[in-house]
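Here come two complexes built around chain A, the first alongside chain B, the second alongside chain C.
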Partner chain A sequence: MNDIDAQLGRIRGDVPPLAHNARSIAALTSNPGCARRAIMDAAGIDKPRLASYIGFPAPFGQSQFAITRGNAFEAQVKANGCAELLRLLREQLGLPIPEVSYDDLEEVGGQRSQLVRHTRTRSLLTRAVRAGGDAGTLFDHPLLRLEVGGRPVYLEPDLIAFQLGGRFHVVEIKSFAVIDGQADGDKVAAAAIQSAVYVLAMRDLLAELGTGPEAVADEVVLVCPENFSNRPVATLLDVRKQLTVLRRQLSRLARIDSLVGLQPPGLTFDLELDQAGAPHRAAAELADDVHAVPARYAPECLASCEMCFFCRDEASGLTAALGRAVADDLGAVHSVQMALGLADGTITPADDQAEAAALLREAARLRRECLGATA
Partner chain B sequence: MLQRRIDELRTEVRRAAVDRDRARVRALRAELRTTEQAWEESLARLDEEQPASGSATTSHAPASMPSAGDGAAAVVDGAAAARGGGSLLPLREQVHQALTLLAAPAAPKLVSAVHEAFFTGLIPSVRLTSLRRDEERSFRSAPFARPYYVCAALTAELLAPARGVLAVSTWPLDRRVIGPLSPRVNYLSAAIRVAESYLRIPGPGPAAQRLLWRLAANIPGASGGARNMDPARVARAAQAELQIHAAGDLAARTAAAARARRQLDDPEQLFGSRLQLTRQAAAGSE
Partner chain C sequence: MTTLTSLARAQAVATGMAQPVCTRRHVHLSDRPLVLVPLALAGEANAPLAALVGDDPQAGRLLVVSQPRNRDRRFAFAADLARIVVSYVEGYYSSVQTVPGGRGQEDRIRFADAPQLLVPNPACIGFVRMLGRSTRFRRPSGEYAVDPAVPVLGRWLSYFAERAEHPGSCLLLAATDAVALHWASGQSSVEDLNLATLMGWIDPPAGMTGAAAAAAGEDPVTWPPAGPATDPTFDNEVLAQLIAACDRPDDDARARQRAEAALQAALMTQVAPTWRLIWRAIGLLRGLPEASRVAARWDADKDSFTSYADWLRDDGPPQARRDAAVAAARRLSWLERSQASYAAQRALDDPLVMAEYRLAGEAFAGTVTAAEPGRLDSSGRRRKLRPLITVVTEDSLRMDAGATLVSPSRPSQQARVVSMAVVPPPPGPAAAAGQGSAGLVSAPPLRRTEVVLELSGGMGRALWAEPGSVPEPGERLCYTTLTDSYQPASSFPDREHTPWTHGGPPPEYVPADEDASEAWS
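And now, the complex of A and B:
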């Protein structure tokens, strides 16, 4: 492990690794086949900075409006000792009336240090586990810890873990609307995977206390505004699948050594910062090093990875840039040039391209028939 | 009286500006200016009569200005609005009024809503954030110089200031302590007090109605819908739930208050203790 740590350290250069958060851990699962992303995440590289240094800054991060809106909605749901949330939990999950205990963990004795908050979270949860149902129902902003790639990561869920029937439930408050019982599928998926990160961290913590994983429910409570109002509505979300994906992805991060072993020995993404923090490395040279690690670009990357514009530029002219569905249909035909060649018959297909080539020629014929001479 | 006329004039200026009726805009703005002048003068006279309340005018700028075609009109509007409106009482007294009505520690948002519902004018909650700090500074420089202070509620376990909750220094210490059950208990007792005040005042306004309805919505059995809301029923339902939590909450509060009296000095009893001390306090209590 030391060996691999040293290798990752060399790839990162002389800067401290970037800490993960729930969002970045969730993003790990979106493109598991991408070696470039896996190595960068494992080494804790500042991807936004790297991307902008080599000329492909990503207009990334949440919009300030979205953050403000999210915080306002969260504050509304949690106002006055989670009054609105209690109503939802009582109505929809049958939380008993006496269960109203509320502990604020966002600040401990005027301190916001992560260590203090984590210690306090631990001690409160320990007490809740030992004493059963009576010691604490709602925990506001607990600070959990999860091992990611051999390093502890503090996770600050914008959520509350509450106990119902002896099981902890994770509550995720999101500000996208559920309209007529339907919400944006992508957003729900993102929320589910983020909540799964919290469930995992919570289970880790309870495992340290000698409690089995069943103490944390597989279902998380998603609280969203209903229709076009600000009135919150709660739904149960099963995250078992996301948990499996996450676990697999995290164990893959732990086994990053095999992947690092495949890369060229001198590889480094070091920006060569000076004392003042200004980068000195030649951008072109750095870009070459980034090119050396294979990526697997798909248009979905634009929503989750800071390197997306660099990879898209690299992938231009390849069928992968057209989306996973197209790339899958074309099979072994990797570049757009080749696809066009196969379609008009100027390139003879290899054995593994024969099927795709037949389809392409058929499509070209249909196109000619439809468009006639103008095509 | 003058203020109402100013408001009317502003509306008309805006309307005329949207209609691009320049002549009318000019005439209206001239009238607006003279009316504002008169209003300023009357305000100055008021100030001379009561010099003590001079610094107290609360201002609230309108949240959104309709985008009038004439930019200058909007500027005049904003400047005038910044000067006027709101209660003449100092901020801390407005907060004190609202908290006294609630008789329980409350978050700035609730304080502001109560003030809007039962007193005059809105308290901008931005200004409430610095209030507690100002009060603490004032207390530390001259302890007990004022009849009351707007102070912090203390968390039961660490006796630290509870985040975003305001209280009044004249309350007994056990009312100012926040235990695990207290947020709910405070919420319910606030609902009861609001319902009682609602019954007491003649012709409660829409703000009071909205506040009571919002509080009632989260209490089981209290809300009969927005149309037919019965304050007595809200109070009864809140009382019923309160009875379930009251005993446990009281025990936790009294114990914590006793500990606070033993361990904290005067400023800390009002404004909470920070971490170094709380570590010892927590160790002593467990």
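And now, the complex of A and C:
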């Protein structure tokens, strides 16, 4: 493990690793076949900064209106010791909740250090597990920890863990609306996988205490505004599938050494600053190192990965850049020039291209026939 | 997506210009469409921020909500938009046409034309749906009274958004969908959702390749997002201050006016480029000749529009929040059938679309080499006219003997496949002539197939074929297994007999007071 840590450290250079949060861990599950992304995430590379520095800034901004709304909604649900949340759990999910106690773990005795907070979270959860019984407890901002790529990662604490009858439920508060019982599918999917990260982290923690995974429910409670109002509504979300995906992806990151072993020995994405405050390595040199690690670009990356514009530029002229449908259609034909050459018969197909080539020649003949000489 | 469109995308990359995937226009375009470019405030559930709307490219009307979180301002916006949209829609009430009833049915009356709404992209159709949902239950009287036009707007927008899911309907169109249906760009279909880059590929400014214009189209400063989402940088650096300025206590009316004017000007910069793009897209599409089945689909839109107008006139309640089980199943089945029929219609109308089916072996085009126009089938009790023709094609076939085919150019005549046989290529240099430009290496000679077809129908009632009703040798024809003929609906139980697996009979929907006063904050 030390060896791989050292290698990842060298790749990252002399800067601290980027902290993961539930969102970044959830993002690991999209495009799992991309080695470039796997290595950058395992090494904790600051991808937004790297992408900007090499000339392809990420297209993800967040509007302050969205942030304000999200914070206001969360504050509303959590106000007065989560009074609103308790009402939802009782009325909408029919949970027989007696009096509950509420523990905010955002700071411990005025301290916000991660280690202190995690220790406190552990001891409180331990006590809750041991006590069992009917007492309901809400834990706000528990600081959880998860192994990602062989390294413990503290999770940004924007969740509530709720314990009832010896079982924990993760509560995720999101500000997208549920309208007439339906919400935006992409947003629900993102929320589900993020909640799954918390479920996994809580299970890990409880496992250390000798408690089985059943102590954390597979169903998370999603709290969103209802219709066009600010009134919250709670929904149960089954995240078993997301848990499987996540576990698989995390175990893959744990085996990152085999992937790192394939890379050039001197590889580094070091963004360390010199005295003038600029990275000491030239952007072109860094870009060369990024190119050296193979990526698997697909247009879907544009929605989730900070490196997307760089990879798209690199993939221009490849059929993959035109989308999965085109790439699947053309099978073993990876470049546009190759596709056109096979279509007009100027390139002889390799064995695995024969089928695609025959279709391409036929397609070219049909397009010529229908469009005249112009096509 | 088929190899044909994939090849077109590859050609677009290589040439730097979008390539046609249709030779006809398959969408109806109104002479006077109503274009709507909406913007919503980030983070909120459908909080309108601005809209540029109108039926005249030179005179779009900008509506702005100067405080998007203020309920009264939102309803003022909805009322303004309602006056424009509802008067546009009701303008089509003025002229009717008579549809002759066939097969013992009576003639009926419908509106002679129907309104058409155009928005930039599918997300804006979602905005229209949500705006419809948030306004259709409102009431002009009672506790939270709104302008009487607002609930009418809500019902029309809900109607348009629902109709937009019907394959081939053109009452509400997203410009990106309409354009991408006809051209393959050199980018992915995910990126085709960006109207600026898509139009860049198809119609770049002079002296620029499509690829370069598309790259330029990604700069949110010159080409702001086409809505309803705004550019986050614009939100943070421009919009936030301007909205805050409008929100100050109005002790100084002049300062307030200035602030609102500044906000309007800023929002105009965000919607005007998209407005121009949509009108350019309309111009491009108008340049294509209309496919022959477009008019019939538009007639169906007119029928639908007429019946919803009747429903509103008869004080029918607004669309329910959710479909009941049976209605939802029936609707889904209908959508699936019309999807298949819409695809078939486009292929029958357009040789380049048909080429996709030829590539898949579901259609072929070839030349008639022999015909027996007078052949009679005397195997049954009555003799029947069943001419045989032989067609030679270079397309590869994936159909069985016995399959029933139809030719787009002879829709009333069926052809049954009698036999198929591979024939040797014609001798001499003619073999290479069919393969495009000379000098190519390694292109193997095309496989030719001889298909014998037995024809029925479309030849008159006698035992001899009317002149011209049987294809003659030398004629080039296309035959396909596709059909756009009527498909009977599956049967579904009545509403009262909804099975218990689907919740049993649903309660009748009655609009409730609380629907009308629902929060919109």
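In this text, the second predicted complex is superposed on the first by the 321 of 375 C-alpha atoms of A that agree within 3 Å, B and C clash if a C-alpha of one lies under 4 Å from a C-alpha of the other, contacts with A are read in each partner's own complex, and residues count from 1 in each chain.
Keep in mind that, in the parts below, a contact is a pair of C-beta atoms (placed from the backbone, for glycine too) under 8 Å apart; a residue touches a chain by one contact, two chains touch by 3 or more.
These numbers were taken from a predicted model, which means no experiment stands behind them.
Chemist: Have a look at where A:Ala350 lands relative to chain B and chain C in the superposition and call it first, second, both or neither.
Modeler: Touch status of A:Ala350: no partner.
Chemist: Of the two partners chain B and chain C, which one touches more residues belonging to chain A?
Modeler: The partner making contact with more of chain A's residues is C.
Chemist: Classify the contacts of A:Asn227 with the two partner chains as first (chain B alone), second (chain C alone), both, or neither.
Modeler: Second partner only, chain C.
Chemist: Which holds for A:Leu115: it touches chain B only (first), chain C only (second), both, or neither?
Modeler: Neither partner.
Chemist: State whether A:Asp104 touches chain B only (first), chain C only (second), both chains, or neither.
Modeler: first
Chemist: Check whether A:Thr319 is in contact with chain B, with chain C, with both or with neither, and answer first, second, both or neither.
Modeler: In the superposition, A:Thr319 touches chain C alone.
Chemist: Considering only the touch criterion stated at the top, classify A:Leu262 as touching first (chain B), second (chain C), both, or neither.
Modeler: A:Leu262 contacts neither chain B nor chain C.
Chemist: With the two complexes superposed on chain A, say which partner A:Leu209 touches: chain B (first), chain C (second), both, or neither.
Modeler: So A:Leu209 meets neither chain B nor chain C here.
Chemist: Let me test your reading of the model: by the given contact rule, A:Arg90 touches which partner, first (chain B), second (chain C), both or neither?
Modeler: first
Chemist: Check the residue A:Gly81 against both partner chains and state whether it touches chain B (first), chain C (second), both, or neither.
Modeler: After superposing on A, A:Gly81 lies in contact with chain B but is clear of chain C.
Chemist: Quick check on the output: what are the common chain A residues between the chain B footprint and the chain C footprint?
Modeler: Touching chain B and chain C on chain A: no residues.
Chemist: Could you please specify the touching residues of chain B with respect to chain A in the complex?
Modeler: Residues 106-107, 109-110, 155, 158, 160-163, 180-184, 186-187, 190, 217-218, 220, 241, 244-245, 272-275, 278-279, 282.
Chemist: Would you pull the chain A residues touching chain C in the complex into a rising list?
Modeler: These residues of chain A touch chain C: 61-70, 175-177, 179-181, 225, 227-231, 299-300, 302-303, 316-317, 319, 321-323, 325-326, 329-330, 336-337, 339-340, 343-346, 348, 356, 359-371, 375.
Chemist: Enumerate the contact residues on chain C facing chain A in the complex.
Modeler: 1-11, 13-14, 19-20, 23, 41-46, 130, 133-134, 186-191, 230-233, 235-236, 239-240, 321-322, 351-352, 355, 358-359, 365, 394-396, 435-436, 440-443, 446, 518-521
Chemist: Residues of chain A touching chain B in their complex?
Modeler: Interface residues on chain A, with respect to chain B: 79-84, 86-87, 90, 97-98, 100-104, 106-111, 116, 136.
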